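Just passing along the structure, written as structure tokens.
Per-chain numbering from 1; labels A, B and C assigned in written order.
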């Protein structure tokens, strides 16, 4: 009956905030959904913080950043959770975020020392397929093969942008040629993650752009071990998901406390089976059973945020040109 | 007395001139060729069409600017005199109070009015469940309860057979005599006029002529009327 | 008394139209005003404009071209299940986009039923992705609407004319030239414009079935300016362009064919004496059968894949269903509050601006309205707290053009037929509304309310821009389930959504017509 609470909240919002401090966290929609990490994170944090944690869902990472930019210095957010490295440079440039001052022992394939953006989970992009399918072993051999793939539009989806960066990071100025090779493999380009994965499950293509961790969902939640991720020789581009505190927050202590909580065992152990990503700090209890079966790339690719931002428009133009033929 | 003083009526570009008076309590037939302006005349008196020059007076009072419902006028149209989704009694009740918030006594008045036209016990029927003649009677009983000084009839019985139509006209005349109302009725049939009208207004070519006594008029019609009547 | 006396006031309708125009143009202005460094339109944007216009024109032409023989067959044949088939014609139109796309792909996709059947004969699978896929989907979504519009035209041909034609022994050619073509000339422009306008704002269908960036529509370009480039000026510019295109098409169509509507009660076949030969019968049967198959197969696919997930739907889905019903209910109420006065005002002869204002709802980008409202509301309140009311409002605005097409012809008829009598009885405006206008419009109000309710149920709308954890609607919950890999549950929730949309449409439409005298 939370929608009733919502209605009551309209009237009682001012009264409640006078008693318990409220921390507002903007995040992407799938984080707050009933099947995402949101409900567990909220319950766990509220046990100790003596506060009311309010999670606000905004479509996805790109929409999240647009929202914060729209609101500017008077944003209702205290913390923003759900940007990734491809959005970090633009986010940083807004000057809306403050240093976190949190140190943690990250289990990331790359070194992390950003003073403003704090990672909470990460994953490798990968093409997921059925085990029976004989997947190509590299982006280039995929481009040369007649395997069919489903990808996402980089203009409307953060994994879509991730693939653009992947091809760029692996092939540099050759990226355009790779895209031209891939053009005939692409069944279609969807607006978001859900549509592409849905089409894949309907059997519309051999492979779908997702994460190496996607098969873990099928294995753990559905006891279905038929899915796996293809490992490519060039290495796999990473998505590192980050959070940051708003500079203009009126709850700096509470926001800092939330960020520390975010890299703690409690939060990190929620991530693997709700967000289906690797936790940024492996919890003391290790990863859930099943994660050890996941394929792991030999090489990780990641462009520095400034580099990604600088390449973005050119990479998009290459992609459009190659796929519009 | 109903008076139209130097009136010019605008019916969307068709203009009708009228300068005439009708005595109280008279039953007047309005005749003339199609498109001559008979309906225009009635609609101007009822307040549906703008009078752009002159004035309409009832017993010396200028009613030109009054809204249709505020005039001492009740009107029956060629068709659509009843609301098809309301019962006969409700349709009559509208004549007492157009918002239908009727008292018990007023409902009794409605029942009596229906009985007067021979429709006892049919008040709950909707128009679709009544015959053409019965529907005309419902409309007439509404006219009755409205108690307006002027009744305007724009051929409401045109769709009825000759016998039924004659019966209705006699009923109209009876009701008018009972209440002392002034009646203007459009007609195509000189026979109708002869049957109940005291006087006749001839309308032709954008001009409404002052009323003349029925007998005298038909005995020696003016040229235009003679042409209309076909020289019989 | 400068003009004819009227039983209703046009004021409220003009007021409602003004509020609507203020909402749509005001939100657009808010977005433009908030723009920082505004870039102009790029070559890619113009390519998007061209593609949008092309696919919309093709979709509209094909939908209407196919609708003509289907409507003709439906108009002159009586057969068992005719009523059910016409009811079914309403379904694709009110289907949530993602559900429709998945249903279509189960039939026409690479691994769909058609491809499998072809595979039995050793033929390659069909390739649905591309411009033809976009057009196929738009025809699936809009053929039923076009058929309803044109069927209405056939039913409004006076019965005497068909009798006269039979008397004079008209052949099919004379029938076409003397009766059907003049009627179609009245009806077809309106149908073309409505379908064209609907297809102009298409986004997810065009992208998913278009197969790549070539299928970029204006709406996607708006989306990109917002999120990818954060260029609000360009977003406002594109949205303005979209409004100009839609209203331009609409104004042309309204000029060509004034006063054609959907009408209610289309289940009465026209009594005709022609087309009794075997070829005509076979042709009609083929058209009706083909259309039924084309519409039913994807719907059956949706139902079939949803059944498995339906039993174990999580409580969050039922909760979202309740939220959606409430939002759709409020949205329907808001819609009637706007549409009835506007229809009344049009009936009183104030068309022109009001009809155009009504069409703005079709043309406006939900993303721009949502963002504009967000910018406008933020100084005064927390927009997130208003997620549901805002969603209800935007959904109502989107349904308004359809509601007006349904209500206006009947409103004109009611004012025409009963206005003078009401005036002569001295009925006040309130009494006319209560005793005559609303009761006489009941069937149309029911139809419009049903359509609005169903459209609001199925539309993701602006909720995704504002939603908190507690305020998910059912379409959003379908997306969330898919986003959480729960494809089976998502299919189940989509089936629930379909059932609720169709159910609420059916109840309101029937309720309006129940015991309503002609």
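Miscellaneous remarks
As a working rule, a residue touches a chain if its C-beta (ideal position, glycine included) is under 8 Å from a C-beta of that chain, and two chains touch if they have at least 3 such contacts.
Please read these numbers as outputs of a predicted model, since none were measured by experiment.
Of the two interfaces, B-C and A-C, the higher number of touching C-beta pairs belongs to A-C.
In this view the innermost chain, defined by its CA centroid being closest to the centroid of all protein CA atoms, is C. Among the other chains, B has the CA centre that is most remote from the centre of chain C. Centre-to-centre separation of chain A and chain B, using mean CA positions: 80 Å.
Taking the mean of the C-alpha atoms as each chain's centre, chain B and chain C sit 47 Å apart. Computed from the mean C-alpha positions, the centre of chain A lies at a distance of 35 Å from the centre of chain C. Taken together, the chain B residues at the contact with chain C in this complex read 43, 46-51, 65, 67-70, 73-75, 77, 80-81, 83-86, 94-95, 98-100, 126, 128, 146.
Here chain A touches chain C in the complex through residues 1-3, 5-6, 9-10, 13, 29-30, 32-36, 38-39, 42, 54-59, 62-63, 65-66, 69-71, 74, 76, 90, 148, 153-156, 183, 186-195, 197-199, 201-205, 214, 217-218, 221, 276, 316, 319-320, 323-324, going by the rule given at the top. Within the complex formed with chain A, the residues of chain C that make contact are 34, 44, 98, 101-102, 105-106, 109-111, 129, 203-204, 207-214, 220, 223-224, 226-228, 230, 314, 316, 319, 322-323, 326, 371, 374-375, 378, 382, 384-385, 388, 464-465, 467-472, 476-477, 479-487, 490.
Per the touch definition, chain C reaches chain B in the complex via residues 1-5, 417-418, 420-428, 430-431, 434-436, 439-440, 516-518.
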